[in-house]
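Paired with subunit B in one complex and with subunit C in the other, subunit A is shared by the two complexes that follow.
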Partner chain A sequence: MKKIIAVLVGATALWAFSLSSELTPEEIIKKVDENMVSENRVTQSSMTIKGKRKNRVLTSKSWTIGSNQSFTEYLSPAREKGTKMLKLKEELWIYSPASDRTMRISGHMMRQSVMGSDLSYEDMMEDRELLEMYTAKLLGQEEIDGRKVFSLELNAKVDDVAYPKRKSWIDAERFVPLKEELFAKSGKLLKRVTMSNVKEVQGRWYPTKMIYKDMLKDGEGTMMEIISIQFNQEIPDYIFTKAALKK
Partner chain B sequence: MLALKLAFKNLMAAGLRSWLNAIVLAFAYLLIIFFNGLMDGWNAQGKKQSIGWEFGQGQVWHPEYDPYDPFSLEDAHDLFPEVSASVPVLVRQASIYPSGRMQSVLLKGIPANQNLLELPTHNLVASNTGAIPVIIGERMASNSKLKVGDQLLMRWRDKNGTFDAQDIEIVSIFSTDVQSIDLGHVWIDLERLQGLTGYTNQATYLVSSTELEEGETGGWPHHTLGALLKPLDDLIATKKISSSIMYIILLGLALLAIFDTQVLSIFKRQKEIGTYVALGMTRWEVVRLFTFEGGAISILGAIMAAVIGTPLFYYLAKSGLQLPAASTENSGITIGDVMYPVFGLGLVLGTVVIIVLTSTLVSFWPAKRISKLDPTQALKGKIQ
Partner chain C sequence: MIKFLIKGVIRDSTRSKFPIAIVAIGVFFTIFLSAFIGGVLQDAVEVNARFTTGHVKVSTLAFAENSTQAPLDLALLGMDSIKSGLQNEYPKMMWVPRVSFGGLLDVPDENGETKGQGPCTGMAADLLNTENGELERMNINKTIVEGRAPEKRGEALVSEKFAQKMKLKPGDVVTYFGSTMYGSMCFQNFTICGTISFGQQMLDKGGLIIDISDAQQMLDMEDGSTELLGYFEGGQYLDDEAMKIAQEFNARSTDSTDEFSSVMIPLKKQNQLEGLLNTSESMSEIMVGIFVLAMSIVLWNVGLLGGLRRYKEFGVRLALGEAKGKIYRSLLVEATVIGVVGSVFGVILGLAAAIPLQIYGMDVSEMVPSSNMMMPSVYRAAVTPSTVFMGFIPGIIAMVLGQALAGYGIYKRDTARLFKELEV
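Here is the complex of A and B:
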């Protein structure tokens, strides 16, 4: 009986894979968008910044609507607890409880690392649909950690993208990226993101562990683990106001 | 004239007391002239350097540009107006990665063939390696541990916000006192920066080689040399005030000593005062004599200060004063490692006049008591 079940499961997986392999590159990234992009989301996560001597772990809770509105509150460690960040379009505000002050971060600072990590503020906020920004080309099929993946090359079709070229390795069954490489206009590799611990949340697959590596910087990178995530929630408007920073 | 002669004679007769007062006053003279000369030297040096390296004879800024506001940099660029004898500069923000560390920099594009500013921009065309040639200041080089020939990565965004990154090569390191064009700055050829960012024929500000008139700036706001140098003037004025506290205290002590000496003289020399009056001097003539005595201490101090100060200040003005590295490093202020004080005639004469006048005033104050003395009683040496 067990053998029959194993054969059936295997056959189903093969059938699913054969079906997905007939998908066009655009259809693949559309499916990725369906998993990764949402109207809004509420996330609790931990960020481990790997240092030369010791690692720093920060936990935070974020409320995000698209790529224009985001509010993050740091929950630990004690030194960062109560620090809040508000992003409204191109503007980023940071509230520091130690000084009880709200500071605006300039456009250039948005590209700097968050709390010394390998993520920039912009990386954290990015939530545009890939299909809207890129044309895709299927490079082939590979295997990452025992899972079949599509290897895709994405080239920007609009001007206002941060990374004009990406390489993505998409899980052929769940349609989530398991690895991404982000390139500069000159072709220089800027960042590598590896994703794992893919879980099903509210009917969509989502990677809950991501390791960001700024390829221009030394260091081992930054690990982001999602503790909980909820999509398409009711988020009150007042959260995305400067007044909410001091509450 | 008699009063003056007598005054100096009495002063010499007082011996050590007079000399001590004169020494303290001479010290006050030297200190006042030294500090003010140092500040004037800094001012002159700072202005000369700022004009040569940064300001030219004035600047014309993009209406959005504010060098003290990083928020303004994003939008402060446009096709620049035709301004004769000017050098355009485009300012963008970028990140460099020296030794695997990320560092934010201001990326400034300036024509490689300019010769208005002292920046060695002629080097910006030379690179055999294919990397983008850039020049930096020695403070920036020291902070980032960079030297000529080093290659490192630079990342920036073009006009659409798209990331780009390429290797840059340090082709020259310049030495300047103007820290505001050195710290955190990377200089690149203007045309190349325009090409890399897509801001063709655009600039953030123009540096002019001549004083511009209204209407010559093509609609962009004009910042005169005076306005550009005002922060330096204000800073030096503040420094002058804060450093004056020290020599005001010293001068105060010296004046207090003169005052005390006068009070003591009048108290001890009652018989002498009585004799002067008995010999036919009016009481006010005696007051004048004692006032001269006090004032003469300041003249004696001035002579002593001149004897010590002339060679000392001449040497300092010629060879300069080496400032400790930590006092000027990374302060962002235009200040050289060696400061050359300027001891102008106005400063020296002004200091002498102020000290002589104040000394005479504090000498007169106790001396005016003499006018109320009864000469008969004074002659008897009776204390009144």
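Here is the complex of A and C:
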């Protein structure tokens, strides 16, 4: 009996994988978008930044609608507590309680590191569908940490993307990226991201641990962990106003 | 005899006019160029010493290796104990901490939102302590255009150019926005207490000067600084002494396996200043060498032409029994007189050109290329007694040398040929 069950389970997995392997690259990234992109989301996360002298852990809460509206409030440590960021389309505003000032960050700053981490403001706030930004090419199938993955090459089809080229390793069963390499237009590798702790949240798979490594910087990288994430919530409009920064 | 020769030189203007003009031009160029080049190099070294290099600089090993980026995360911590150790060991030197940083300076509108923003190069020094001479060293009081130096925490000086661009005046509040030494964002409001024009392009563009205690708190750098600068008593850079102190310090403090161990670097080894100092030291010799060589060749030719013109005069004097050596010596005395007169004119012209350049300077701020070596944006000449001697003495030497070479022909004429030439 046990043997029959084992054979059935094996056959089902093989069938599922063979079905997924028949997907076109566009269908694969569409499935990834279905997991990763939502109408809106509320996230609480921690960011561990490994520094040369000491590591820092920052916690924050973010409200995001699509790729144009995002509001983040830092909750800890004490030095950062109360610092808020508001992104409205291309504009980024920062409120600092220490100076009680709301400051606009100019466009070129969007590529700067956030809080000394390996993430840029663009990385933090990018929430567009891959299918809208890239054309995909299937390079093959591999295995990462015992999971079958599709290896894809994504090339930008629009100009306003942070990374003109990506290589993504997509979990063949759950359709979430497990590893990504982000390239500049010149082909230079800029960042490497590894994702793990994939969890099912509100019917979609989502990686809750991400390690970003800026390849142009020394250091061991930045670990981002999702403490809680909720998709498609009721988010009041006032959150995405400059008045909310001072509240 | 000398009186007679001088009379001859004065009365026979063809014998003196051209050589005097040549010597005067040569002396003028030597004095003017050496004052100008010496002044610029001296200012460059001084600007670097006052603002960035000190006479010696202590930082972490990693900071020293990446000093062009001024990385705050590699700052020197435990600075007070390093400073007091150095103060005890080298009591005649002044040790002052500095913090270099960079970020954005944000100007608020009436609602406290961004009205304008610009990149800013910041420098923090111990300005509230009046005993360490930092205000004088950085020439702050003399370069204040409006307002005054910081007198309490939370006050800042901004560059006059930035203030004009952003329409700022003393009493206005600006916000510095940058990163702490650990990479966090930092925001700090400062009340502008004055505007300043450093005469240094890098600082004049977006300079912010604050007290070190404000910088340490703002940049999360408790008991830290990016650099600890040491200055010799009297403000003069002493290369041998600086090298010796640096060697002693590094032998006991630097650990090549620990990037945060401290290292001391003398001025000469920073910001490509070694080449500048070496050039500055050899500039006098180079200028004098070129001058004496070039002028001697010109004056030799002038002497030869003069000798040809006075061919008959020498012949008659020889025929009358005057010794060759005596004629030769009289030529040298004449040359000395011409050399002195020409050099005096040259010195007057050289000083007339160099002194205004020393006082008013020449603004080259648009032409100075950006580099980690601080170059003054106003070039000034430096006239010193040695500058005058550097032109005056070689002026005489060149004239005498030229005449000595030209007059040597006198010894080559034998009596038979002489009488034939004179058609006696």
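Everything that follows uses one rule, which is that the second predicted complex is superposed on the first by the 238 of 247 C-alpha atoms of A that agree within 3 Å, B and C clash if a C-alpha of one lies under 4 Å from a C-alpha of the other, contacts with A are read in each partner's own complex, and residues count from 1 in each chain.
The definition used in the following text is that a contact is a pair of C-beta atoms (placed from the backbone, for glycine too) under 8 Å apart; a residue touches a chain by one contact, two chains touch by 3 or more.
Keep in mind the model is a prediction, meaning the values are calculated, not measured.
J.: Is A:Lys247 contacted by the first partner subunit B, the second partner subunit C, both or neither?
T.: neither
J.: For A:Asp100, select first, second, both or neither according to whether it touches subunit B, subunit C, the two together, or no partner.
T.: In the superposition, A:Asp100 contacts subunit C only.
J.: Identify the partner contact of A:Arg79: answer first if only subunit B is touched, second if only subunit C is, both if each is, neither if none is.
T.: Second partner only.
J.: Which partner does A:Ser113 reach: the first (subunit B), the second (subunit C), both, or neither?
T.: both
J.: Between subunit B (first) and subunit C (second), which does A:Pro164 come into contact with in this model arrangement: first, second, both, or neither?
T.: It touches subunit B, and subunit C stays clear.
J.: Show me the subunit A residues, by the header's touch rule, that subunit B contacts in one structure and subunit C contacts in the other.
T.: Looking at subunit A, the two contact sets intersect at 104, 106, 113.
J.: Inside the complex, what are the residues of subunit B that reach subunit A?
T.: So the residues of subunit B touching subunit A come out as 70-71, 73-74, 93, 95, 97, 99-102, 104, 153, 155, 157-158, 160-166.
J.: So in the complex, which bits of subunit A are touching subunit C?
T.: My answer: residues 49, 51-54, 56, 79-80, 83, 94, 96, 98-104, 106, 113, 115-117, 242.
J.: Under the definition above, what is the set of subunit C residues touching subunit A in their complex?
T.: Residues 73-74, 106, 108, 112-114, 117, 175, 177, 179-180, 182-189, 220, 259-260 of subunit C touch subunit A in their complex.
J.: Can you check the complex and tell me which residues of subunit A touch subunit B?
T.: 104, 106-109, 111-113, 156, 159-164, 184-186, 188, 190, 214, 216-219
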